[in-house]
Every structure is written in structure tokens, then in C-alpha cells.
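By written order: A, B, C and D. Residues from 1 in each chain.
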Amino acid sequence: MSSSFGKLLKISVFGQSHGAAIGVVVDGLPAGEAIDREELQAFLDRRKPGKSPLSTARREGDIPEFLSGLENGVTCGSPLCAVIQNSDQHSGDYKALEQKPRPGHADYTAWVKWGGQADMRGGGHFSGRLTAPLCLAGGIAKQILARRGIFVGAHLHGVGGLTDLPFPEDVGPELFREVAAKPFPVIDDGAGERMQGAILRAKEELDSVGGVIECAATGLPAGLGDPMFDGVENRLAAALFGIPAVKGVEFGAGFSVAKLSGSENNDPFLLKDGEVVTGSNHAGGILGGITTGMPLTLRVAVKPTPSIGRPQRTVDLGTMEETELTIRGRHDPCIAHRAVPVVEAVTAAVLLDLLLEGNHGTF
Amino acid sequence: MSSSFGKLLKISVFGQSHGAAIGVVVDGLPAGEAIDREELQAFLDRRKPGKSPLSTARREGDIPEFLSGLENGVTCGSPLCAVIQNSDQHSGDYKALEQKPRPGHADYTAWVKWGGQADMRGGGHFSGRLTAPLCLAGGIAKQILARRGIFVGAHLHGVGGLTDLPFPEDVGPELFREVAAKPFPVIDDGAGERMQGAILRAKEELDSVGGVIECAATGLPAGLGDPMFDGVENRLAAALFGIPAVKGVEFGAGFSVAKLSGSENNDPFLLKDGEVVTGSNHAGGILGGITTGMPLTLRVAVKPTPSIGRPQRTVDLGTMEETELTIRGRHDPCIAHRAVPVVEAVTAAVLLDLLLEGNHGTF
Amino acid sequence: MSSSFGKLLKISVFGQSHGAAIGVVVDGLPAGEAIDREELQAFLDRRKPGKSPLSTARREGDIPEFLSGLENGVTCGSPLCAVIQNSDQHSGDYKALEQKPRPGHADYTAWVKWGGQADMRGGGHFSGRLTAPLCLAGGIAKQILARRGIFVGAHLHGVGGLTDLPFPEDVGPELFREVAAKPFPVIDDGAGERMQGAILRAKEELDSVGGVIECAATGLPAGLGDPMFDGVENRLAAALFGIPAVKGVEFGAGFSVAKLSGSENNDPFLLKDGEVVTGSNHAGGILGGITTGMPLTLRVAVKPTPSIGRPQRTVDLGTMEETELTIRGRHDPCIAHRAVPVVEAVTAAVLLDLLLEGNHGTF
Amino acid sequence: MSSSFGKLLKISVFGQSHGAAIGVVVDGLPAGEAIDREELQAFLDRRKPGKSPLSTARREGDIPEFLSGLENGVTCGSPLCAVIQNSDQHSGDYKALEQKPRPGHADYTAWVKWGGQADMRGGGHFSGRLTAPLCLAGGIAKQILARRGIFVGAHLHGVGGLTDLPFPEDVGPELFREVAAKPFPVIDDGAGERMQGAILRAKEELDSVGGVIECAATGLPAGLGDPMFDGVENRLAAALFGIPAVKGVEFGAGFSVAKLSGSENNDPFLLKDGEVVTGSNHAGGILGGITTGMPLTLRVAVKPTPSIGRPQRTVDLGTMEETELTIRGRHDPCIAHRAVPVVEAVTAAVLLDLLLEGNHGTF
């Protein structure tokens, strides 16, 4: 198992959904960075369930306790550990499922990997709940980046067949803030309402829906990242696939490049206020794995919540017979909108790591 | 810069397009593995240019020389180094471009990163030519995997708006072999002809087209990979984005999950010959970052060749004035079909690394 | 900062001496391993201060709380986090010192590195107190190894000019247990009494003494470790130098090889019960970075406690003037004997990591 | 196997003693650094055998060929690969030994690890010959460091029971240069002659002797390195134990700390020309894993050449019977003096890596 990532900024996530606590160690934060606890809490609250009929009824306090790494609210250079106590679990709901792997969940692969020893109550370490410590780490990264004029924001780009407006070319912190303040994180509220309708419809049908999240980062210097296997795309993708339920990651024009010609996809270089910019940004701010200085843009595909209320076919791993299961308990009919701040968090953490590394291309 | 990847199997790629040689060090290959040189050469030849009007006229011998790691054609446990001499470069073609970054290429970001010191003749270290050593490493991995009943194959899934048939659910080594033997790597030759038409049309228009590659691996045991940041998806994506021009990576249903309901996307667990299988494979053989034992499937988006014959806008970095450039030299109107074995190679290398690591979930 | 180590078993330590808590995340423990809490506590107690006049009067409870990674006392495959609350700190004792770096401590280098922002109360993250979470991780590793017949033990090899008996060639678990049960961890109690005398004498003189710890591991299979930079010695040394105050690490005959001839130092290969063994063990169980199957032996040099009661010369970093300081507070006249279990812990953790990796030389 | 090390500067060594070639890939060198080939060759020549009766008669050309990473003799940012062809091997000398592991060599452990498949002719990948590519990488690092006022030098500190003068407290580039220019790398030529006498005596007796090498680096800024497991000591030790035959590594006062009191060992902080310095340097320039700005000093123990001309006891792994072997072929009666530039090389490479990483303690 390796629930950690990062090179100079190392983030190590721990906890099971129904264990004593979940948390994160962030090793490598620069010293002297004040952490705005209120702002951090507001960020954490963006992924919180229980805000609307769209989400699970489980109420999570999610008030982090800082065990290390801060002195008087300022980073002190040593690893920061923050912990969120678990509570309000109804493990009983899950006990019956233990030998019957839920389709679309990691129950079966965990059973194979850990020989039936995994604590899979509530999804265990695979639970979406583990994105709370990720948001903790990423929320801190976001504050540190923002002080350097680097802003990271995301929105729900699509749910079902419905889509939001994409981020505009001049995307920036104001739009990020605006979207973040909304109860449903979209640019176009009309589209947002239609999406919410689709989610509620899925709920009524004891079903769920997937979605796509678009994320952007502005203010990045050109020259970050390295060619081939240590580029910005490699490192972001490696981390983003760590968010439960992510099945695809694309940058800039992404998969639509297959339909573009070179003359359409190439971004011409221009001058703007004496700086080199590109006229379009199909590259998503990255060429050869290295930042161009244009906004970094990426999209992440999030699968429909695998927990649905309908009966599903599975295998009883005890008796090795085919059987059926119906998941009761609480679950979200869609997790994509709740994953929006998580994508921001992971993106911010990777970017801060890259930034700490600096541009060591010359010396 | 970090042109290396892997945990127990470390692959380190070196070389510039117009330097003395390109090559690869593969550290961690198990000992006692015979390398079939003929089969390896045939694999390398699949990415070779100059086979048809679809590709650049540059002729590459690409006969690797093995400097270490073998004794009598069998791996001996110490790092394998293989080198391919460069020849037939026309650096003159590129000299004029040095201060004028080509849109869609890494010229500008390399210029920023290495302060104008990068050797960018022919794309330098960013050149598609560097995929030859990747195929060397991956071709060896493929042979080692095949001996264990694990097969990796890929095909051109789409070019422009045109698409091949997807891999069928019962994809396996025969189909892989069949596609690999074709001059144009598709399942449906009719679709292949239409794609080739689109590529030739782009060439005539001094333009280029992008594409999507689908790759699959069969015979993998369940239980490989780790949750969160060290899963099969994380590691494959991190490596696949190291292939030049890749802008998106998705697994199983990938981005289409956004349009699926949970009841559609969830793969029911069934028994087949006493083994747990899934009835469908939207998961692409991976749940919670860990292999299910079903075929691993992924798709990779490859952007249109940035080198096109049309005049393009750029900035002269010497005078800092906007200007125009027209790329002469040789270049492919599409690189996606040539990237098919490269995707296989990178996938095989990552899978062998995972396999060497074994399933250390229990002890 | 990187307070973590390990490849498949990743250990990440956090906390400051006078912060809220210290702790450790252990990522990669195999599932299904029962942890004997009593045995673990007994191991932790071996490094505890306050047992005798030899140690600081600071009383530490050091009762770990497990936040994750266990279900019913058995490892469940997900990262284990254990936390020890801090208490009984007298930060006031240290406040005056902040601008006056203590000779032999990391105060000055931390001040340079973190621009005066480091939390150095009680030594902060550099404090010997951080060896408690190391012992937690290592104590768990020891239990898992012991179940496989691999035992790790250590003793105080020397203090001042005085030395204990070295481990005998047939060192094994009984001797480890015997030494571990003693209040002062030596083989020869007479030597131990003389050492304690030297420590008490140093205390009376407001001074301190250094020491050497010898550690051995038995039951290791041959074939662990890799040549050059990933050998058993490389990995052990990299981790052992992470123990505060360690200034030297040697294996087998170590530095005394300089005085040996090849005919003396070479260990002849012999057969014993059909197994290949060596007649002597100057190699310390490692040849070419790889285990021979003989006992692994190493020694670690621990410098005298830098905190001494005598006036010392230093520089006031506020006024940039030379000055004098006298450290009050509590401090041990020797830390080498308390570091004995820490050396065992780090050694056990590295060995378990190597063992999980297995011998992937062939496949 | 992992014959690579480094974080931002990655060094990957390949080759077997009697294979086609040996070499190194250096990934992460800053661009724009001219490499003085003559100076590099002079550095490589320092480890060359065949200079005197002290060394093996094997003549090695050791003229490296650069395959990548340079343009017009200047680093261009992409991975540098340099290769040295092998020649003048007499593999026949070794053939008889294959099933009879030589005491003190890695023959037996390699046989276990790679199931008898390792290419161990001439020591294979474990051969001291592999230190040539290390010197290549380190020699380049030395040139880059020297341009920043950072100098690395070493001398033979002892052989048998005989010792050279230690480096003086004001050690610096002049003394480094002086020692490097000598045919036998010592400070005190009288001691050097006595050492050479001991080596020749060992040779006559068909035996060998070990030694200790002292290395220092001057001009380092304070603040490099990180606490606990990523400190300067951890990283240097991990790399230095990769040099064949190294059995111990110590920093500053090293193992002698066991005999020192705190009041002796602590280095008082003083001011010199307005800069904080220490009055002595028992810390070897490192406190808490972080550089103090004082000279970094370390010592490395090198075991006696295991290849000796005397009959030795071993086991025939084919018949599994005890037997005797006498190594013929060529071998050095001492390798410690030839390892002096190797220790410099590895130290320089690690220091350049640390320097590229910079001091990211604050931001």
C-alpha cells in the first residue's frame, strides 16, 4: 500500500472510514506560512456531505485537530499532522456485506489483496471519506500558493449527459471564488439546476450518476516540471487517480485532440505586454511536460457512486456461490460535485511540490 | 529532469534526436530471461517511420546494441543498457528555428527551463525518436510477461472523428498478434482505410491529425497494485503521460462514466469456472487501484503532430517580436498509429514492475 | 524535510518535542498481523527516560493511541497511525535559549534552514523524543519478523573508553531477550556497572558521554538486498543516520577492516547441516549489499548528549554577538543506552521492508 | 537491483566487468555547464590501475564516450550518458571459479539472488571497475561544484595500522589539489611510503590490506539537508555504501565520539568576519542532518581486497562439497588508495544533488 505522494512535499493519508480517526501527514511544508483556519474549514466544508438532499445523510464534523507542524498557527518546518475523529458511523449497516463484494467497490480486490483481513467497513481506507484529509493538505497548499499569486479552482463540468460552461480562457481567482461560494459548484446555474435534477432523479430510481470535473490553475510561472516521466501531467495524473472513483484524466484539449487537426490544436505564440503567451490554450498550459505560463487546465472523470439501492448480482466469497445483494446504508447518488474541492486540493498539493522544487534546469 | 520511472524495475531513457545515440537503462530485470532478438526487432519495427506515405521519410536503422545486462542473450540480473546510434539527421533543417519556438512543441518551455541551453535539434530529448528506447525496454518486458501468460496489445482506436472497433470483451493474445502484424494497427480494416485516408488528406493540406490508442492486458492476477496513490491506474498514467504528445489517459469506461448510471457502470460479480469474474468490465480491470483479474483496458489521447507545413505564428525569442515560421524538414501527418507499440511498451513495463513487486498485502 | 523512509514499508514520523503530540504513520504493513500491545509497550518502555539517576527526570507516559491500520488489534492493510500525546513539558526552560544556539544541537542549522520559524522548544522535531514513534514502528516490525524466525537485538557496546563484550558468533534470540530484560542493556554486567559509573561521573561533572551500540539480526534468508545503491548496508545506514546523534555506522568488521589483511578478513565458505555458511563473519552477514544468511551485525556511534550543564560559548543570533549560555532544564548525561532499542527498531523496520520486497532477482 | 541513486540528480550505473561496456546515465544535470574533458580524464586517471606495482596489471583505457546530454561540450539539460568500452579482459581466468564462490566477494550472494544466472566474470556488476562510471558522474559534479566555490577532496587516511595526517581544520582546495596530484594520495609522504611498503609486503605474501579514506568538502552553504531520514549524512552514507568494499561510514568525530565527553565534542559557536562558525568541527559540518557551513568531513572504511593469491576454503555449489580455491588472475593487494577519487566522486554527486534541491525550508 502506498497512500502517499509527492517529492519534496510528501503527503501521507491514513485512516479507515469506520476507524478511530482519519488524517494526513504533510512533510515538507515551507516554514513561516500562517494557516487561516477559518478559510481552511470553509474549504473542507465544500466537500462535506449532508448539505442537501443530493448527499448522504451522514453528518461529519470534520473539524481537524493539528498534532504537529504548527507553532502559533504558523508552519514551523516540521511535518504537519492533522487528524479528524470519526463518529456517526453505523458499521452495522455494512457487516452483512463483508463476504459479498459490492459491484464497483474495492471490496473484492481488497479481499484478494489482504486475504480477507482488510477493514472494509464503510469502504475502509478506500472510502470517499479519505478525501477529507486530502482536502486538509490541499487546502493548506492552496493558501500558500495564493500568497504567491497562484490560484486553483474547479467546477462540475458535467453530470450524466449534461454539461456546464467550460472555464473561459481568462479564467482566474474571481471565478474560482464565485463557483466555490455556490452550494452547487457550477459556472452556469441553469445547467447546475438541470444537473441537480438528474442527480435527484437517479436517487429516486435507487441509482447514481457520474460526472466530470474541470480544474484550472492560474499564475504559474513557465518552466515548472520536467520532460518525459516527471512532467506536470505525469505528476498530476499520478495523484489525481488517487481520488476514489476517478477513471480518466486529461489536460487541455484532452481526448478531443483526436478530432482536431494540428493547425487547430497548435497554440500560436504571441506577445502580450512583452510576455510570451499563446493565442489559444489547447495545451492546457503544458508543453513537453513543462508549464508554459498559461492557465493549467485539466479534467477528471468520476464514476457514478457504486453504492446504489437496487439489487445487484455478486458472489458470496464464503460459500463461493452467486448471489444478490442490496446495499442499504446511506450513500450519495452522485459524488462528482463533492469531489470538486478534492480535485482542487490534489492539484494544489502537486503544484506546490513542483514549485518548491523550483526550476533547477539551470543553476 | 527525470526521464526515468519505475519502482523495482527502473527504466531510464537518454538521448537527443540529433545527438550521438539514444538508449535506455533497464535496472531490475529478473535474471534468467532469454531475450528473443528477432521478436524484439519486429516489435521495434512497428514504431518505425518510413514504412508508408503516412510517415516521415527519415529512415532509422534502430538496431539496438546491448552494452550490459545480458550474458549469451539471457538477462543476468545487472542493469541492461541498450543503445541505438543516431544517423540520417539533417540538423540543418532545424537550425533556423532555434529562436522561433514551434507551436505545440516543447521548444519554448525548454528555452525557459534550460535558459536557451537545451539541444532542441529535431526536438532534442522531447523527440518522438525517444520512444524507440522505450519500446526496447517495453519489448523486453512484453517477452517476460508473455512467458507468464500475460499479454499486452493495442490498436489505433480513432483518428480524426473516425473510430475502429473497440477491443471485444474476450480480447486476448490472438487479436493482439493479428493487429500487430498489420501495416496499419486497427481491428477493422475498413475503418483503418478511412483513417489512412484522413491522414493522407491532412498531409496534402500540410496539416496533421490526432488519435486515440486503446490498450489491453490480459492474464493479470487479481491483487496487483495499491490503494490511493500507488494503484495500477496511478502508475500507468504517470508513465503513459511520458509518451510525447499524450494529453489524456482513461481506464475502462473512462470519461464516458459521466454519462452512465451506477446500475449501468457497476460490473456485477459472477462465477466462471469457479473463478470470480465480472459480467461487464467498465472498471477496465481495476477497482480501488487494484487489479480484478479481468482484462486491463485503457485509452490514451495523442495530439496531432505539432509539426505542420503551414505557416504559423510565433515569437522570435532573440528579438522578442512576433513573427511567422514555416516548418520544413520531415514530419509525420499523424503519430498516433506509430505510438501504438509505444503504449504497449510503457504498459508492459509498468505491469512487469507491479508484478515483480508481487502482492505484498499479506506475508 | 523528509522525516520518512522505506520503499514498500513507508514510515513517516511527525511531531515536535513540545507540540501537542508525536506519532508515526506506517504504510505498507502486511495485513493479518496481530500486534501484541503488551510486548510493544515493554519495548517502548526500554527507551523511556526516568528509570534511573542516569536519565532525565522528565516522565513520559508514552502510551500510544492507534488511530488507524488495526481492526481488533490486527493489521488490516491500511496505513497504521499511532500517536503519543505530549505532556509534562517545561517549555519555559527553553525559551531563553531561542536566539542562542546550543552547541552540538540543531538549533543553529534549523534557524538557518527555516529562517527562525522552526519550533525548537525542547529540540523540536530534532528531539530524541521523536525516537518514541520510531520505536513504535520498529516494535511492530520486530513482532512481525519474530513470527518468521527473524530476531533483532542490540546492546550497548561501549561508553567512554569502556566496552562490553561483543555479540558472540552464535548470537540469537535468547541473548537478545536477556539483554533487553536488563535495566542497563549490556552483555557483561561488570562492564555495565563501570559504564554506569562513567555516566554518573559525567553527570556530576555537568558533562555527558557518548557510546557505541551493536545490533544484530538473525534468521535472515540469503539473497535480500540489491547491489550498489540499494543494498542492505545502504538502506540500513540511510535509516540509522536518522536517529538523532548518530555519527557513524559500520557493518561486520567495520572500520577495523583497515587493520586486517585479506586472509584474515575474508570469511571462508563452509557447509553446516548441508547449508552454506561462513566460518567467520567479518562481512556482518552482507556481501555485495546482499545478505549471506549469516547474522547481520552493525555498530552505530552515538555522540555525547550535547545538552550539558556547563557554560558554553555561542553566538546571540539576534544581536550577532558572541556570548555564553548555560543549559538548565533536564537532560541525560548519556543517551547511548536509551538509543539501544531505537537502533533495534530502525534495523527491524528496514529489514521488514527488504523482506516484503522479497528476492525479485529471479521471477 | 538498483544501481541508481539521487533525487533531483539521478545517477544510474550499468555494466559488467567483462561485458561490452560500462557506463552511467546522469539525469538532472543543470544545463549550460561546460565539461572540461581534460580535467575529467585526469580525475578518471586517478583511480586507474596499472600505474605502479601496487595495482593490478590490467590496463584500462577508460576513455569515456559521451552519447547524450552534451552539445558542443556543454550540458544541454537532457540526461547525460557516457560509456567506457571494456577491453583487455581475460575471462578465462575466472571461468573455473564460477561454482566456487570466492570468500569476501559477492559470488555467493549473487548466485543465491539470481539463481546462478548472474554474469560474475571478473566480479560482474560488483566489480571495482564499476567505479569508473561513478567517477565520470562525480567528476562532472566536481567541476560544477567548483564553479560555485565548493571543493571536494580526499586522501588515504590509513592502511593496515598506519595512518596519514588527518585533514587540517583549514582544509581547502589547495590541499585537495596537492594530494590529487600525488601518485599516492596522502598528505604526509613519509606515511605514504610506509603505507606503500605495507601494501607491497601484503602482495609478496599473496595477501591484501584494507584502509580508510578521509574526504572533505568546503564552501558548502549552511542549511542544506533535511532532518531525520533525508539529512546530508543519510544521503551520503546511502551512496557511499554503494562503493564496493565499503564497510563503514562516519562523519566528523565519527566513532571516536564514544570516547569524548560532551564538553569536548560540542563545537562552540563563534563569530568570524561576521559569520557564525564553530570553534572546532567534531560535527563534521553537519548538525541535525543539516550543513553548518563548516567543512563537511567523513571517513570511509574499505576492506582488504578479497581476491588474494592464497588458497582459501570454499564450497563447490555444483556438488555442494567443501573445497579449496586459489584465485589466479590479476588483483590489487589494496584498493583503498584507488578508491580515494571514487569517494570524492560519490560525495560530489550527492552534494550537487542537495545543492540543486536548494534550501526549500522557507519559500
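Rule of thumb we're sticking to: a residue touches a chain if its C-beta (ideal position, glycine included) is under 8 Å from a C-beta of that chain, and two chains touch if they have at least 3 such contacts.
Remember, it's a predicted structure, so these values are computed and weren't measured experimentally.
Engineer: Select the interface copy of B-C from among A-B, A-D or A-C: the correct pair shares over half of its contact pairs, counted by residue number.
Structural biologist: A-D
Engineer: Sort out for me whether B-D or C-D is joined by the greater number of C-beta contact pairs.
Structural biologist: Of the two interfaces, C-D and B-D, more C-beta pairs touch across C-D.
Engineer: What whole-Å value do you get for the distance between chain A and chain D if each is reduced to the mean of its CA atoms?
Structural biologist: That pair's centroid distance is 45 Å.
Engineer: Can you check how far apart chain C and chain D are, centre to centre, with Cα atoms defining each centre and the answer in Å?
Structural biologist: Their C-alpha centroids are separated by 26 Å.
Engineer: Averaged over CA atoms, how far is the centre of chain B from the centre of chain D? Could you give it in whole Å?
Structural biologist: Chain centres of chain B and chain D, defined by C-alpha means, are spaced 38 Å apart.
Engineer: Two or more other chains in contact with one residue: find those residues in chain A.
Structural biologist: 1-4, 8, 13, 28, 31-32, 77-78, 110, 113-115, 117, 125, 227, 361-362
Engineer: Any idea which chain C residues touch chain B in the complex?
Structural biologist: Residues in contact with chain B: 7-8, 28, 30-33, 77-78, 144, 148, 227, 355-358, 360-363.
Engineer: Would you tell me which residues of chain D are touching chain C in their complex?
Structural biologist: Spelled out, the residues of chain D in touch with chain C are 1-5, 13, 101, 103-106, 108-110, 112-115, 117, 125-126, 130, 158-161, 202, 205, 207-212, 222-223, 226-231, 233-235, 237-239, 241-242, 244, 246-271, 274, 276, 278-279, 282-284, 286-293, 299, 301-308, 310, 312-315, 317, 320-322, 336, 359, 361-362.
Engineer: For chain C, which residues are in contact with chain A within the complex?
Structural biologist: Chain C residues touching chain A: 1-4, 8, 10, 12-16, 19-23, 25, 27-28, 31-32, 65-71, 74-81, 83, 110, 113-115, 117-119, 124-125.
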